[in-house]
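Chain nomenclature is as follows: A, B, C and D, assigned in order of appearance, with residue numbering initiated at 1 for each chain independently.
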Amino acid sequence: MTTMRLQKLREEVLEANLELVRRGLVLYTFGNASGISRENGRIAIKPSGVPYENLKPEHIVLTDLEGRVVEGDLRPSSDLPTHVELYRHFPGIGGISHTHSEFATAWAQAALPIPCLGTTHADYFHGPVPVTPALTETEIADDYERNTGLAICRVVERLGPEEVPAVLVAGHAPFCWGPSSAEAAHHAVILEFVARMAYHTLLIKADAGPLAAELQTLPP
Amino acid sequence: MTTMRLQKLREEVLEANLELVRRGLVLYTFGNASGISRENGRIAIKPSGVPYENLKPEHIVLTDLEGRVVEGDLRPSSDLPTHVELYRHFPGIGGISHTHSEFATAWAQAALPIPCLGTTHADYFHGPVPVTPALTETEIADDYERNTGLAICRVVERLGPEEVPAVLVAGHAPFCWGPSSAEAAHHAVILEFVARMAYHTLLIKADAGPLAAELQTLPP
Amino acid sequence: MTTMRLQKLREEVLEANLELVRRGLVLYTFGNASGISRENGRIAIKPSGVPYENLKPEHIVLTDLEGRVVEGDLRPSSDLPTHVELYRHFPGIGGISHTHSEFATAWAQAALPIPCLGTTHADYFHGPVPVTPALTETEIADDYERNTGLAICRVVERLGPEEVPAVLVAGHAPFCWGPSSAEAAHHAVILEFVARMAYHTLLIKADAGPLAAELQTLPP
Amino acid sequence: MTTMRLQKLREEVLEANLELVRRGLVLYTFGNASGISRENGRIAIKPSGVPYENLKPEHIVLTDLEGRVVEGDLRPSSDLPTHVELYRHFPGIGGISHTHSEFATAWAQAALPIPCLGTTHADYFHGPVPVTPALTETEIADDYERNTGLAICRVVERLGPEEVPAVLVAGHAPFCWGPSSAEAAHHAVILEFVARMAYHTLLIKADAGPLAAELQTLPP
């Protein structure tokens, strides 16, 4: 039973990773998606450095909620500690995706939130997509990936993980999440799309105002 | 006879929806195209949330001119009330398309008309592509989709639906139309293309002037 | 002999038109390429409005050097009078291409020459790609296509058709040429590429200087 | 033994050239990759002007370390003298790639280094990607390709070829390198990606600061 459930989780996580590729969000082995089985206390995550075209369910690494590998011969993605912090802080999160997708990453590099300029954005993110503060020298030197996770968690605690299912890590790239790894990947795709459109909008009109508050909170 | 005519309408509407996909104007299930049989008093529109790759003629929903479903097991696109208003106000309109295509949506988010900067634009739109005013709080809260349709209609009444077969909805995205759903989809494709080129033109030269009035009104 | 030579010309012109499609320079039926047989006094040009995917050698229209149709059941491209003027003024031109390719058209809409900012550009165009002045009201009303050709010719007379095998028509789009229709299409592809890169360069650095004169005149 | 080793080198160099095509970095026959066998004193480089789709291992030209053709019926890429200078100055370089990829070339045309704005960039280039000074009139007239190589070498001598495996040649385009031709091509792909993202970042925020020094020097 557990075996079957974890096998299914691995397949879902594989599929979420492949969705990132199909939608043009990853270059080479960049990016990763994970999922969690809270019943089994297991996180399933993409291994590090395996080309997506060779990825099979058995390559997906299983860890416990501390990020210790439990099953799998491969090294988990180096971003695992960031995923772990998010899963530990927010019980509602069932899957996480991380990409260096072109426009969302540009906003992260600019260290600016993506403003909510239209209904496409509002239907998914209900307001600006926030950005973490820059990490301190100590946070970088100490444990960059874990401290990245903690920085994201501090931002999300203010907003709620359902309200804005994505955060930009300043100088790095976005992390997204959702009830499942499929929805985490879906949010990464939408995020890239609204990041492109916000970019174009502000190049058309530098002082484009945010969408009316009423539209930001419309039910989808 | 009626059955055959409505079956043909469904097939045409399906094909118009697929054209939006083929031309790269839609992400996931975004966007929709519809057509009308005025003889039969029927609107045919894409259902809500069905992936385009699975869409078949029998999924296309038929409604009356009030937007009440007459045939079809699926929910019509949530933008139906906007389509309905356009069909009711302008008897010459035979088809409508709505997308969140990247550059046309960016102009809509900037709440600026797309200026007519070249003959590519002028051959189809004969002047700037207008943008609606922002909806009021009451219009948003009351019936967003229907009030969006009314806002478009007020803009089109000034210009005539043949003169400019597209309007940008401020903070949302474009709507296009034509004598048939095929031509409505065709206008959506051209609109995205001229939206891209106007964007590039203004980034090259912020004060690029409009095309000479004589060229804006040249016969195609 | 004449028949074979003209048949070959039609095939070459078809192939040049298809190259514009393969390289992403055309939307729908936009654009056209032509070739000339000076021995036979014949111009071969794409017909108007035929989808590229259906285009066959027998659809290519043959005209005399006044632009009168000599063979072919279809209407020649409406830009034919522009092609005719170029062929008549410059005996060295063997083929012409015209597209509304995205970035070259944006420069034409901005009514600005494309500055020569790098060796990619210099290897083909040996200096800025010039732009025509805007046509007068009379020139537009009188015979827009022919007057467009004359405006291009006046620009090319200053520079020589081998020196800069492309001109932007202000508010419209580029025309390119070469010893054959294949080379005219090739120049349209390179022009679009250097138009993109000049655009990006100037957005990176608004006052990017032109390439050193020595490099603009280097042999390819 | 030598024959087998050189045959393998040719195959690797062919593969590196094809990777540039697959990743969208080349138009027509633009660009080239090479590799070196230091044991055999041989450089293997793409021939000039052969379409990539026809390229076979036997077309790859073998030269000595002075750039004199030793094996192969085709002319080596005209950029060979630039490659030769890099191989001679830096014994650790095993492969070199050169493209006119769109965004890296735009930075080269702007004659500006690509700033290090995010971890994607820092993981590969550990700081800004430098740009050569403009060549003098004499350097251009004398031996452009060789002097380009010397200009790159002077920049690399300050930084070390492992620290920043890429340099932009002002007014021209990037050169990249690595321990093998495969890694040189890989760096060209990453360079184009970070060039795009730096461009977008600075258009979002003109004064976007560089990434924290600690992150620029993080182990990959």
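Everything below uses one rule, namely that contacts are C-beta pairs under 8 Å (C-beta built on N, C-alpha and C of every residue); 3 or more make two chains touch, one makes a residue touch a chain.
Small disclaimer: the values here were computed from a predicted structure and weren't measured.
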Touching chain C and also chain D, the following chains: none
Rotation in the CA alignment of chain B with chain C, degrees, nearest 5: 90
Self-contact between copies chain A and chain B, residue sets same or different by half: different
Chain A and chain B, separation of their C-alpha mean positions in angstrom: 33
Separation of mean Cα positions, chain D and chain B [Å, integer]: 47
Residues of chain B engaged with two or more neighbouring chains: 203
Chain-to-chain touches, reported pairwise for every pair that qualifies: A-B, A-D, B-C, C-D
Residues of chain A that touch chain D when the two form their complex: 27-28, 30, 100, 102-103, 105-112, 134-135, 137, 140-141, 144, 171-173, 199, 202-203
Residue ranges of chain D touching chain A (in the complex, touch as defined): 117-120, 186, 189-190, 193, 196-198, 200-201, 203-205, 208-209, 211-212, 214-215, 218
